[in-house]
Every structure is written in structure tokens, then in C-alpha cells.
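In what follows, structures are represented as C-alpha cells.
There are two complexes below, and they share subunit A, which is joined by subunit B in the first and by subunit C in the second.
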Partner chain A sequence: MAPILEVKDLRVRFDTEAGPVRVVRGVDFELEKGKTLGIVGESGSGKSVTSLAIMRLLPRPSGVIEGGSVSLDGTDLTKLAPSEMRRFRGNRVSMVFQEPMTALNPVQTIRRQLGESYVLHHPSMTPGDIETASINLLEEVGIPAPEKRLDEYPHQLSGGMRQRVMIAIALACRPDILIADEPTTALDVTIQAQILSLIKRLQKEHGMAVIFITHDLGVIAEVCDEVIVMYAGRVVERRPVNDLFKKPRHPYTKGLLESIPRLDTEPKTMLPTIEGMVPDFSSLPEGCSFQNRCPHCVEDCKAAMPELDRLDEIGFSRCIRTEELHEEIR
Partner chain B sequence: MTTLPLDPLTRKKIHRFRSIKRGYYSAIFLAAAILLSFGAELFVNSRALIVRYEGRFHFPTYGSILPGTTFGLDYRYETKYRELKRKFKAEGRGNWVLLPPAPYNAYENDLTEGIYPPTAPDAGSGHWLGTDSTGRDVLARLVYGFRTAIVFSILLLLCNYTIGVTIGCAMGYFGGKFDLFFQRIIEIWANVPFLYIIIIVASIMIPNFFTLMMIMLFFGWIQMTWYMRTATYKQKSREYVLAARAMGASDPYIIFQHIIPNTISIIVTFMPFSISSGVVVLTSLDYLGFGLPAPTPSWGELLRQGTSNLDALWIVSSVVVSMILLLTMVTFVGEAVREAFDPKKHTVYE
Partner chain C sequence: MSAYFARRFLLILPTFLGVTMMVFAVTRFVPGGPVERMIAEAQSMQGDQVRDSGKVGQAALSEEQIQDLKEYYGLDKPVLVGYVLWLKKILVLDLGISTRYNEPVWDLIKGRFPISIFYGTVTMVLTYMICIPLGILKAIKHKTVIDNISSIFVFVGYAIPNYVVGILMLVLFASYWEIFPMGGFTSENFDELSRFGQMLDILHHAVLPLTAYMAGSFAVMTFLMKNSLMDNLAADYVRTAIAKGNDFRGAVLKHALRNSLIPIATHFGNNVSMILMGSFLVETIFNINGFGLLGFDSIVERDYPVVMGILVISSLLFLVGNILSDICVAVVDPRVQFK
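Up next, the complex of A and B:
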């Protein structure tokens, strides 16, 4: 099956006062219809910027897409005029944000904000049509008494409810792709589980592709088919979800997985962590970006940036020692 | 009666506004005064309200003038209703005239031989607040002057805010070079001395209502841009703006549908203070003689007469008292609005 979204060598630069900073340095992935791709990484690894670049929502004027292509169903989104891009946003690609508390306009009713996507993308719909569609949407995302909720304001809803409303808004135009940027980070654990299963259910019903951005590996294991791990603006490993959790290939992925508390670790012992910090983008070392934190670093790592090598049918890893470490790691 | 579909927050704000008594009553009083001033012809006018003549009723207040011949008088210019009233009374033939409570308009000079204006307040003659130095009724000039000033301020406010809010929002929303450019433009603009421009304009032409408004608008829009600029910067960084963009909304759509409704409290809070400053500016210009042309009733002109005729204390006291009342009440309203919109006041811990 042909992928619905194809991102090739996507590069993003921010022009700051201290000079240009390259925060996304060549990201490639494909996404098939009905599949879920997880993007994981620490804060500052470029995962959110990647998603914003796909939507062409980088902060203006500092954020620039330097190169690469994002093709949705054959259309290169990076080359569209702003007005054409607006027709894609919310219509073919939509987004759910992290903070349901601030992502809804506090002074407008739910009715207005739900109807907005119809007003923007289906101007021929009558207010009656919009109302019916909005009620259906709210029902679909599991909000009880939707007729009553329509005339309420965001502050009258709980966090979980607001996130459901956000999802309803994102789904209004039946998009091909839903980008969920840490949709459950601001919610408590029980609500998280509800929202995740809601997204999974809706994905199955509508057959949309989902990009799931998170730093929570538990969430990734729960919902994704394939995972890309990002570090310092690059993809360091890309694998189907089960393989990744069973046998991480890149030392960074391994470190990430080890730093999750497990049921079988000795209680009251130190949790393994990855020492150090994500390096500053303006002073990335020559060679592998992970060299200063990597326990397996050798002289060769400092020479050149390793390629994203194909491991087998489906996986990729960006490490020169992948093969030799394969036996060592787990 | 159906209640307006108001959201609870707005209802709370209204409730809070009403609970601030002096602001609330000032608002009612001012609203009533403004509404009544639009019907000022019914209360303060030289034309009669009702004339009954030979079995027929005439209502001369609005509409074209009724010549004296209508009522069997020997002149073709506008009927002098006060004289007509005395005449009908003397004749005693069942004809009568009902005059407004203050039977003078703002332009006529009520002169009697041997008496030199200004004349002191006198209920018998109908000059409730006396006459000014050319025999015009002070009350009439006060009332019509109030109407001019308040209409002027409200119109000026609307124009100022439309321009100021639009430019301020655009500055905050687009930011970057656009913002920088307009900031510098405004800084230069704000340093042009306002009074000199007025004096220069007034020296080459007689300013009328609209030229005065244009000149004030020329400088008045600046104030609002600063507030709106910062407010927009604040709102722009909130996630719902990004969410709206992610839904495919265009820039104007976001500005008008999302940002301005969120900054409405700033706009509303500044309104009463802008109104009072509009009144003050117009009055001071009139006082200095650069305002509206000569016979137009205005508070500034009354104030000037009053200060140069301090022996006729009724002129200066009536205008000063009215001015103080108006400005204090507008300030009370402004204060109450600001309190009502203060988000910190809505949270009550019980």
C-alpha cells in the first residue's frame, strides 16, 4: 500500500539572535493509512518541531523549513501557497495539542469552536447541519448530553472533557492524518487511558493515520505500530513497536528503555539514567551527536555522523557499532 | 420578558457591576442624561410643545417653522411662542400654548430694553440658570453643549478605537519588522505637538465638528495601539491560536474571531476614561477659542464667559458644577467597569 504521508529529508532551521539553529536535521519516514507512528525523544529532540513543520505551523518568521519534502497523497505540502495550505489544515491533516486547558478559546462556546472547522472548510453547511454534525461528533468522542454541552464554555468542562472536545474538533472534517502532540501529558492516568483508547477507536472507525508525539514510552507501547526515536534533530532508530521494545538497537533507545521503572527491578535502587544533557544545537560535536553520553562510544564515533542504516526488512539504526553491539545489548 | 442568552461569566460581571452602587447609579444617570439630551428639544426650546388655536392642535417642536400667520399674527417669520402665550392668555378665548419647562433655545438673545445681560437666574422669566453676557439662556446652552460634547466624544471614541485596535492587533499579531516599523512611526507621530496643529489649523480655517474630530482622531488612535499590541502578544502565544491555525483559520479570522474577543475587557475598561478625556479636550479647546465656531453652544465657551464675568457667578458655577458632575460620574462608571472585569475579583473562597 502506498503511504499516505511521506516525509523526506525534512530540515528545519530557527533564526535566532545567536544565529541560525538547525533543530531538525533530515527526518525521513512514511506513514500508511490506518497506521500509527510514534515519535519519541527527550525535550528538545525536535519531535514537536517536526510535527509543526508538517503542518507548516512553525513560529513566524524565525522558523524556516530549509529543505526536504512532506508529501500528503502526492501533494508536497512544503511547496503550497499559504492559502492552499490553509485548506489542508484541519481538513486533511489536523492536530490535537498537549494542553486542553489553553488550546480552547476561553471566551467562545463549544458550539462555536466545533462549528469553526465546518465554517472554514464547508462554507455551504447551514447552521442546522453544523449543529447536527457537532452533536454527532461530541457523541462520537463520548461526551454525555452533547446538546447541553454545546452552549457551555471551556471553563465549565473538566480537563478530560476538554481534550475530548479538542479531538472532536480535530476530527470534524474527517482528516486523513491526525497529529497528536503529547495529547495525554496534561491529564491524569485514568483519563490518559480513556483518551488513548478513544483515539485508537476513532482511528479504527475512520481509517486515519495517526502520528503520536510523546516522551512517554508507555503510551507508545500502547498505541503505536511503528516508532521513530529522535535525538538532536535526527532519527536515531526506527523500528516496529514490538521489536523496539524487545531489542533496542541504538544505545540511546536502550538508555531510554532502561530508564523506565520496571516491575522486576530491585525496589529502592537507583533508576538507570542517561548521563548528561541533550547537547546544545549550536555546538553539536563532530560525528555522532550522542557521543558524549554514549557508554559505547569509541574513537570512530567522533569522526563522522553515522548513517541511518537498514538493519533488516523494517528497522533502521543510526550507529556505527549497531552490529557489534547487537550481542552486547540485552 | 426573555432574558438575553448570556454566559455565566458575563452575568457575573454584570452582577458585580451592579453591586458597585455609585458606578451603577452613575451609569444609569448618565445613560438617562444622554438619552434625554437627544430629546432636548422637548425640554429646552423656544418652540412650544403644543399650541391649541381655533380648535386645532399644532405641535411645532419638530419639523419646519410655523410662521406667525398660522396663529393669526401679522408676521411671516417664525412664531414667537412666548409672546403668543401671553397674547392668548390675555384674549381668554380658549386658545392656549404649552411651552417647554425652559422656553428658550441656545441661540436666541433674550433682550429687554433697559436690562443689560447677563441676568441672574429667575424662575419667573424661565431663565432657570440666568443668561450669559449676550442674553442667551445658560441652561439651554448647557444642555445643547452637553449633547454636542457627548456625541463628539462617543464618535471620536468609536473612530479612535477602530483604528487603534486594528493597528495595535496587527502589530502584536504579525510582530517582527511590521511591529518595529509601526512602533517607530507611532513614536514619531506621538511627538507632533497636538495643540500647535490645532492652532495652525484653526488659524487658516474655522474648524467645524468634523474637522475637529479629524484632527483629534489624527492623534487619538495612538493610545489604544500600545495596549492592544501587548494584549495581542499575550493572546497570540496561547495555544488556542495555534489550534485555530492548525484548523486552517486565516490571520484575519484569528484576529477578529479569537484575539479581539479575548481582549475585550481592556477595550471596555478604557472606554469611560476615553469618553471623559474627549469631553475635557473639546471643552478646553472651546475655552481657548480653537474649538467649535462661535455661536455653537459649548461648555468651553460658557466657561470662558464665566471666568471673564466673575460677577455673574451663575454662569461659571453652572458650567463648573456640570463639568464636575459629568467627569466624576464617568470616572465612577469607569472604575466600576474595571472592577467588574477584574478576573481576580471573580474567585471567591468560601
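Up next, the complex of A and C:
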């Protein structure tokens, strides 16, 4: 099946007062209809910026897409005029954000905010049509008494309910792709599980593709088919979810997986962590970006940036010692 | 919500009572009342006579005369009794007789109302009509030529006191170029003019004072609007609006604007009461017989009935203005729930 979304060599630059900073340095992936791609990485790895670049929602005027392409069903979104891009946003590509508390307009009713998607993309719908569609949508995302909720304001809803409303807004026009940028990070654990299963259910029903951005590997394991691990603006590993959890190939991925607290480790002992910090983009070292934190770093790692090597039919890793370490890791 | 505002209106009563106590106490205990003024006046008159006749007089007024005067102003009674008597009169809008004009204070104030209300409302409406759009423009065009140039004008207007602006304009536009009249509210032949002519006449007289009034109030409102809108433009919900498919204009007008009006709304009530009170300096310069000038003159002349009357009315306006602010905020911000 042809992928619905194809991102090729996506590069994003931020023009800051201290000079240009390249925060996304060539990201490639494909996404098939009905599949879920997880993007995982620490803060500052470029995962959120990648998603904003796909939506062309980078902060203006500092955020610039420097190169690469994002083709949705054959249309390169990076080349569209702003007015054409608006027809895609919220219509064929939608986004759910991290903070349901602030992502909704505090002074507008749910009815207005939900109906706006229809007003923008289906101008022929009558107010009656919009009301029916909105009620159905709220029902679909599991909001009880949707008729009543329509005329309420965001502050009258709980965090979980607000995120459901956000999802409803994103799904209003039946998008091909839903980008969820840490949609559960700000929520209670029980609510997190509900929202995750909601997204999974809706995805199955609508057959849309989902990009799930998170730093929570538990969430990744729960919902994703394929995972890309990002570090310092680059993809360091790209694997089907089961392969990744069973046998991480990149030392960074391995570090991430090891730092998850587990039930079978001795209580009150030190958790393994990845030492150090994500390097500053303006002073990335020559060679592999992960060298200063990598336990397996050798001289060759400092020579040149490793390629994203194909491991098998569907797996990639950006490490010169992948094969060598294959036996060593785990 | 309506219960809340009903309670707020009822709370005006005790607050107002407190205000009247303060006002009354100030006039009682601050030296230099009407009696002292009379004595001083009599003394200076007598002084002239004394110099003429070569005799040295005793006290200017006899004890008896002073006692009469005190009685006349109610100063002979104990403070509490005097206060209650005064309060009773106030409740029926009898604010007493001006010691300077010998006219009922209420009539004096009433006569000034139309002028003050005219200038107050026009100033306020114009300020909002100019500052809100200007603030929006400056927020959207932040750090562009338009933003910077308008900032210069706004800040210069803010830095120069409004009476200086008034004098400057009088010199330039009324004296040097003679485009506008020197002052006053209407021309001398006002009664002979047609309805339309009367309107034009008032406006013609109003241009300079209005500009002077507004020069200073521009900066606060404009920058409040600008900063508030810029804060909101950076908010998550504006990004959501764009992600839905809005253009920037739609995101600003449909989403950010109403949110950024909330701080403006909190100012509204205070502006109502303050603008109605006018500015005595501007009124002095342009010879406008408004509220501000009346208040200023009465303080200088120790015309206590007028001072007290104006204080009472302005504090009432202030109380009502506060409630107006609350109503405005409740209208723009649904999160505000008064209980």
C-alpha cells in the first residue's frame, strides 16, 4: 500500500538572536493509512518541531522549513501557498496538543469552537447540520450529555473532557492524519489510559493514520505500530514497535528503555539513567551527536555522523557499531 | 449573577455612608473654614478703614457675630449632630448653599453636568475607538515601522502634561492660526444658530480641549490593548485556531481579540467616573465651566458645601463605576462567576 504521508529529509531551522539553530536535521519516514507512528525522544530532540513543521505551524518568523518534503497523498505540503495550506489544516491533517487546559479558547462555547471546523471547511453546512454533527462527534469521543456540553465553556470541563473536546475538534473533518503531540502528558494516569484507548478506537473506526509524539515509552508500547527515536534533530532508530522493545539496536534507545522503572528490579535501588544532557544545538560535536553520553563510544564515532543504516526490511539504526554491539546489547 | 450585583448595589449604601463620614470629618477638622474666611475678609476690609481713620481696631468681628456665622453654617452644634443634620439634607439632594455664590450647591453642580458629560463621554468614546484599533494594529505589526512611529506619538503625548498640550494648541491653533476658538463651550451667538449650526459650534469649540484631554489617556489604553493582544497571540488556543484552518486574521479577530479585551473591560468603570470629573487644568485653560473647575475653585475658596457636594457625587460615581467594571468583565469573560 502506498503511504499516505511521506516525509523526506525534513530540515527545520530557527533563526534566533544568537544565529540560526538547526533543530531538525533531516527526518525521513513514511506512514500508511490506519497505522500509528510513534516519535519518541527527550525534550529538545526535535520531535515536536517535526510535527509542527508537518502542519506548517512553526512559530513565525523564526521557524523555517529549510528543506525536504512532506507529501500527503502526493501533495507536497511544504510547497503549498498559505491559503492552500489552510485547506489542509484541520481538514486532512489535524493536531491535538499537549495542554488541554490552554489549547481551547476560554471565552468561547464548545459549540462555537467545535462548529468552527465545519464553518471553515464545509461552508455549505447549515447551523442545524453543524449542531447534529457536533453532537454526534461529542458522543463519539465519549462525552456524556453532549447536547448540554455544547453550550458550556472550557473551564466548566475537566482536563480529560477538554482533551476529548480537542480530539473531537481534530476529528471533525475526518482527517487522513491525526498528529497527537503528547496528548496525555498533562493528564492523570487513569485519564491517560482512557484517552489512549479512545484514540485507538477512533483510528480503527475512521482508518486514519496517527503520529504520536511522546517521551513516554509506555504510551508508545500501548498504541504504536512503528517507532522512530529522535536525538538532537535526527532519527537514530526506526523500528516496528515490538522489535524495538525486544531488541533496541541503538545505544540511545537502549538507554531510554533501561531507564524505565520496572517491577522486577530491586526496590529503592538506583535507576539506570543516560548520563549528561542533550547537547546544545549550536555546539553539536563532530561525528555522532550521542558520543558524549554513549557508553559504547569509540574513536571512530567522533569522525563522522553515522548513516541511518538499514538493519533488516523494516528497521534502521544510526550507529556505526550496530552490528558489533548487536550481540553485546541485551 | 444578578443576585451578586443586587448585593453589590446594596453594599453601596454602607460604603457611601463611610465616605460621607470621611468627607464631613475633613471639613470639620481641617483649619480654615468658612467662618475663618469671613473673619479674614472682614479684617482686611476693616484694615483699610483703620488705615484711613488712623484708629487701631479690636477683633474684626465680635464674638456675637462669629457665633451667628457658626450657627448659620451649622458649626455650633456637636460634630455628630451636625453630621446627622447634613446627612439628612444630602439624602434629599439638598447639598446646602454655596458660601461663595450664595446659590444651592445642587443647582451649581447640575448646571455643570451637561458640559462635563459631553466632554467625558466624547473623550471616552474617542479614546476607546482609537486606542483599541491602534493597539490591535500595533500588536499585529509589532516592531515594524507603523508600530515604532505610532509609539513615538503615543509616548510624546503621554510625556507632556495635558495642560501643556492645551496651552500649546491654544497658542498655535487659536491664537496664531485662528482656526479654533480660544475657549468656552459655545459661541456668543449660540442661541441664534440653527440646530445643525449649534452642533457644529459645540464641536468647533470641543476640538482643542478634547485633544488635550485625550493626549495623555492614549498611552495607557493603547499599550494595554497591544500587550494584552500580544500575550494572547502567543497563547495555545490561537495555535489551535490556526491548526483548525483559520488564517491569522481569523485567529486574531475570532479568538485572541475577545480574550485581550478582558483587561480593558476592568478599566471601563473607573474611566467612567474619572472622565466625568474632568480635568480642572484643561477646563481652566479653555474656560470650560465643567465639574473639574468647579471642584478646584471651591477648594481654593474653602467653599465647603460645594466641596462636600462634589466629593459626595464623585464618590457615588466611583462606586457605581466599580460595579460597572465588574459587569463589563462578566460580560466578556465567561469564567468570571459572581456569586
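Keep in mind that, in the parts below, the second predicted complex is superposed on the first by the 330 of 330 C-alpha atoms of A that agree within 3 Å, B and C clash if a C-alpha of one lies under 4 Å from a C-alpha of the other, contacts with A are read in each partner's own complex, and residues count from 1 in each chain.
Assume a residue touches a chain if its C-beta (ideal position, glycine included) is under 8 Å from a C-beta of that chain, and two chains touch if they have at least 3 such contacts.
Quick caveat, the model's predicted, so the values are computed rather than measured.
In this overlay on subunit A, subunit B clashes with subunit C.
In the superposed pair of complexes, A:Gln291 makes contact with neither subunit B nor subunit C.
By the touch criterion stated above, A:Tyr153 is placed in contact with subunit B and with subunit C alike. In the overlay built on the shared chain, the residue A:Ser69 is in contact with neither subunit B nor subunit C. In the superposed model, A:Glu99 lies in contact with both subunit B and subunit C. Contacts of A:Gly90 after superposition on the shared chain: both subunit B and subunit C are touched.
Contacts of A:Pro61 after superposition: subunit B is touched, whereas subunit C is not reached.
After overlaying the two complexes on the shared chain, residue contacts for A:Gln108 are found with subunit B and with subunit C alike. For subunit B, the stretch among 38-46, 92-100, 128-136 or 236-244 that collides with subunit C in the superposed model is 236-244.
Looking at subunit A, you'll find residues 55, 57, 83, 86-91, 94-95, 97, 99, 102-108, 116-117, 120-121, 153, 155, 166, 169 touch subunit B in one structure and subunit C in the other. Interface residues of subunit B facing subunit A in the complex, by the touch rule stated above, are 5, 7-9, 176, 238-240, 242-250, 253, 257-258, 261-262, 264.
The touching residues of subunit C, counted against subunit A in their complex, run 235-237, 239-247, 254-255, 258-259, 262, 332-335. Those residues of subunit A that touch subunit B in the shared complex are 55, 57, 60-61, 83, 86-91, 94-95, 97-99, 102-109, 116-117, 120-121, 151, 153, 155-156, 166, 169-170. Against subunit C, the residues of subunit A that register as touching in their complex are 55, 57, 82-83, 86-91, 94-95, 97, 99, 102-108, 116-117, 120-121, 153, 155, 166, 169.
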